[in-house]
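Chain nomenclature is as follows: A, B and C, assigned in order of appearance, with residue numbering initiated at 1 for each chain independently.
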Amino acid sequence: MISPATKPFAITLDEGSSRANHTGSWRTRRPEMTARLSPCDDACPAGEDVQGWLALAEEGEYRAAWERLVQHNPLPAVMGRACYHPCENACNRRHIDQAVSIHAVERFLGDLALREKWSAPAPLSPTGKRVLVVGAGPSGLAAAYHLALRGHAVTIREALPRAGGMMRYGIPTYRLPRDVVDAEIGRILDVGVTLECNSPVEDIVGAIEGGGFSACFAAVGAHLANRVQIPTSDAARIVDALDLLRDVEGGDPPRIGRRVAVVGGGNTALDAARTAKRLGADEATIIYRRTRAHMPAHALEVQEAVEEGIQMRWLRATARFDPGKLVVERMEVDTQGHVHGTGDFETVEADTLVLAIGQNVDLSIFEGIAGVHVTDRVIEVDSRMMTGHAGLFAGGDMVPSERTIAVAVGHGEKAARNVDAYLRGETWAPPPRPEIAAFEHINPWYYSEAERTVQPALDLARRQRTFAEVQGGLTADNALFEARRCLSCGNCFECDNCYGVCPDNAVIKLGPGKGFRIDLDFCKGCGLCEAECPCGAIRMVPEAL
Amino acid sequence: MLRQIEGSRAMAETIALCRPEVICAYPITPQTHIVEALSEIVRAGRLSPCEFINVESEFAALSVAIGASAAGARAYTATSSQGLLFMAEAVYNAGGLGLPIVMTLGNRAIGAPINIWNDHSDAMSMRDAGWIQLFAKDNQEASDLHVQAFRLAEALSCPVMVCVDGFILTHAVERVDLLSQEAVDGFLPRYEPVQTLDPLAPVTIGAMVGPEAFAEVRWLAHDKQLRALAMVPEISAAFAAAFGRDAGGLLRPYRCEDAETVVVAMGSVNGTIEDVVDEMRASGVAIGSVDLCTFRPFPAEAIRAALGGKKRVVVVEKNLALGMGGVLASDVRMALRGENLGVHTVIAGLGGRAITRAALGRVFAAAHAGALEELHMLDLDWTLVTREIARASQSRRSGPAALNLLRDAGPSMRRIA
Amino acid sequence: MSQRVKYYQTGTLTVGNRLLDDASRTVQASIDRSNALTSGHRACQGCGEALGARWVLDAAMRATGGQLIAVNATGCLEVFTTPYPESAWQLPWIHSLFANAPAVATGVAAAMRAKGKAVRVVAQGGDGGTTDIGFGCLSGMFERNDDVLYVCYDNEAYMNTGVQRSSATPPGARTATTPAVGPSPGNEFGQGKSVPLIAMAHGIPYVATASVADLHDLEAKVIRAMSMHGARYIHVHVPCPLGWGTASDATLRVARLAVACGLFPLFEAENGVLTGSTVIRNRQPVEAYLRSQQRFAHLFSGPSADPERVAKLQAIADRNVARFHLLQPEEHS
């Protein structure tokens, strides 16, 4: 053993004595552990913390993941089927191989919750305030859910026989089974929401005051089919797509014949065509004025429709419909992208013509309400989702918006927060959004290649004969795999890279679940931690000199 | 135990008794028989535990010893001349780190020109490196000094070089009294390092020391050498007490009590010198000699004590510092500053040239008569060098000096008068 | 409790990995790692050698249960870790000279053997101390099969003294003694000097190349080496931001490019025979690697820009790819 007295002066040093030299003084910039906003979170109109619940799902913590999810979106099993996943379009993983199949994991969690009968979060204690929700579509249901969670007494008045809006009366069952819709609606009602069906509201202001409501959220959707005048004869069978779908839902499908032509290029047109096939039509043809590139319908829908044998006629405009015969004019696109008729006509055999050329809001119930303004056939609202009439909020397809279920649900939550604030005499300020974790913040080298899981699909034969769900769900194994493809953009997942790559041993590992701290006594500001953080959760900032 | 034995062999047997744990060696004339004998001893299992490592150069040899010593093992190596220079960096390193390595230096001349015979130029080249340098007078002392060297090195944490004249001692067969293992075990305690590489108590050895502390480190190393001045006589006395014979020490005066002229020298030449002193004493000349056993640290006080009050000193040394003169003589002169006596430098035996009693007798007589120049080259062929100097001054390109000298010397080598 | 690391699973390349138990994770991920080279040292920001040395020694400490002594040659690593009075080492460590680390390590190992102690020895030095001035001692240690793991940290020049050329400097590179001036700027295009191959020619039990580009690979090799006895050699590629002209945060990215283009092949050999190589994940042209560093800038711009020299470097990389089987079998043409 060496005693300090005998150790040769200066030649021999104590181990670790360099820690007296605080090399942190060298820095001109320093790392900050930060959290950036993952692009999926940013893109989700329903405001879900996608990265957050994916992270829990990766660990197999499905219940915790689901609970995180339903903090914002009460309809995950529906959303995982019907949402067109803008989150996936924003997913950084698409730059490596393919986007994470977020919707499939969401659906898995939603279905698991239904199977396991997990209950929604418990509401806060009653506020004594009453709120009226008009319309039991996704927007109204989401608003009701969030308001009820905050302790308010909510009543929904729905004009149709059952709740669900477009979830029930618009999207066919082969895309969205009704038991799923029923179960998720039921869970929202169980929070403490009163639902009155077959109860249309004609006088909103009267309904509010008469019912002792302190505020109202209107979300009546856009259920009126857009009409266009087509030269025709009395015997010709022309049907609105919305009516067709609603009648199928009601269990009373109309007779459509063997050949059906559907005019329109949106999802509703495809829904109608694919429904027609399932009702027994031999042929279903989409008649669209422009090209496939212009079709507003989602690419997946188009693909599935084509697989099912739906025919597409692009650049065709309807000219005249007589029983059995649809005359269309061939269109062409000029150099500026405008579509013009060519003067050439052709005939398509069709027993029924289905019109799917747009949906409008029933504005009649808003006429005469002071402060409520209409622009472009939708109701204007401010940043609080409130109309010009104090206490009357609106959202979903009836306000200016992209008309998707996710947007509707997002409106519901946003409106609920604002209503809640309004009821307390306050305003709600949304928290500032952090910087988005773009792909340039990701260090892709650290993620192994792993291709996206493909969901099983119903075989074509059954798809054409039944309304059974076309897209299957993920099993637990591949849901876990899929969730684990998430890069965790902008959010530290304790990969230990910063801790491992610091040449100065200046990152302190605080322990499992506790993250890391920079030891500023020794950090020289080299930036290796930032460069090698796979997910962009470290940012170098200038040091005060 | 008395043995008629080659000097190298006697040393090897004695070194083995000191229980070195790591021996590493690279061969160079005239040290080879020492390490060969040690390899036999280790292979035969007579020295265990001991790792005998054949290295690829002298630099590696001392480096292995440095590593072994720093890790707490008793380490030994041997070299000569060119090999010492090749390990020069490591010699300074071992000195600076204070590692108690013992090394035998089979004194041999340094080239160019290459020369395998004995002189002290190799030891002189490393005199400032922080090693203790001891010189053996005969093969008995050559063996005995190694035992003392290990004890001295480990007590001080300082490396020790035992200098033995190449061929004269290494290859001579003499009667030597070899010690027993018990005797050596009783004299040489187990090695307890001052610092060591040990996972139980990790330290960092070999730091970079800047201007703020370097001078202090060097002074401490100097001070350590000065402490050896007391320790060397102590150990020599303990040796005498244990084994009944004198060996080592700082210096040994011979017939100096009433001498006017005193000769000072190191190593085996002291045997010849004492013979000449006896002859001259028989003729009534007041002459004596001092065998300087410890050259580093330089025992200035002991020299003053031995030579103070004498008339003149003749330093016989086997080394010529080019451009300067005598090295030992300069150290002696410095030790005697203020004393009123003359110091003569006699350079003898370079490159193994024989030092005869006759030649020494002439030189001592001249010195005693006050007729010796301050710097005298013993038995130098002045005719030859004068001619060579003249030739070189006439033409710029006159060929290599050494070649010319040999040519002039003729087919037969220089005869010994 | 195993750490709740939220992480992508199979084939993870980061320091930590949630699906492996603690014992199978990298040593660097562990909160209990030795930190044999700790904070407060004076290496430049982003120094690849400081990082590589901690990685190697922590792995060796783990493999030996802390029974380890390190011997260090003169160079950057020694100088920036031990200026009196500060030492950044947390294990027994000795610095002797520039050229003798292998021999000193031999001595330490011999002492341990003589004393019957199971303490292991690692010697380390830079490319200058290993491929040039220390080459003789290294060869001697190999030939004797002394029980030493020698690790060379190769930043391809004498960095400590100011970026002078060594025999490990790649062709074309600018150094202070092969400046980018004149008709043939940068280092000469010679036949190179591969110490790993020379080590293999000595037939020693284990030779490997590694890089700070791949921690898992490096640790596995150190641990494998420490499972054996006898002379072992690992050659680690470590970028030097100052000498190579790279940003301090680019160290690992540049190291990855060196591996990905084939100029620094990762392989292992035992007893002189190649036993395996690490396949390149995503092959890059050498140009991508060369352009990432200032020391090669003269190959691309200025009066001496020369695509032929770049092509020669590509040829070297191609030879490495073939010789060391650096691509998946179906990727070889």
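In this text, a residue touches a chain if its C-beta (ideal position, glycine included) is under 8 Å from a C-beta of that chain, and two chains touch if they have at least 3 such contacts.
Bear in mind the structure is a predicted one, so any value in this text is a computation, not a measurement.
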Contact graph of the chains (line, ring, star, complete, other): complete
Between A-B and A-C, the pair with more C-beta contacts: A-C
Where chain B and chain C are represented by their mean Cα positions, the distance between them in whole Å: 45
Between chain A and chain C, centroid-to-centroid distance (C-alpha), Å: 49
Averaged-CA centre spacing for the pair chain B and chain A, given as whole angstrom: 92
Shared-contact residues (touching 2 or more other chains) in chain A: 10, 13-15, 17
Shared interface positions of chain B, touching two or more other chains: 97, 198, 202-207, 209, 213
Sites on chain C at which at least two other chains make contact: 82, 84-85, 87, 89-91, 93
Chain A - residues contacting chain B, complex: 1-2, 6-15, 17
Chain C partner contacts - residues on chain A that touch it in the complex: 10, 13-23, 26, 55, 58-59, 445-448, 450, 481, 484-488, 493-497, 499-506, 509, 511-513, 519, 521-522, 524-528, 530-532, 534, 540
Parts of chain C lying in touch with chain A, wherever the complex brings them together: 1-17, 26, 28-29, 31, 35, 37-43, 45-48, 50-51, 54, 81-82, 84-91, 93, 215, 247-253, 256
For the chain B and chain A complex, residues of the former touching the latter: 96-98, 157, 194-196, 198, 200-207, 209, 213-214, 216-217, 220
Complex contact set, residues of chain C against chain B: 66-69, 71-72, 78-79, 82-85, 87, 89-97, 99-100, 103-116, 119, 136-137, 139-140, 143-144, 146
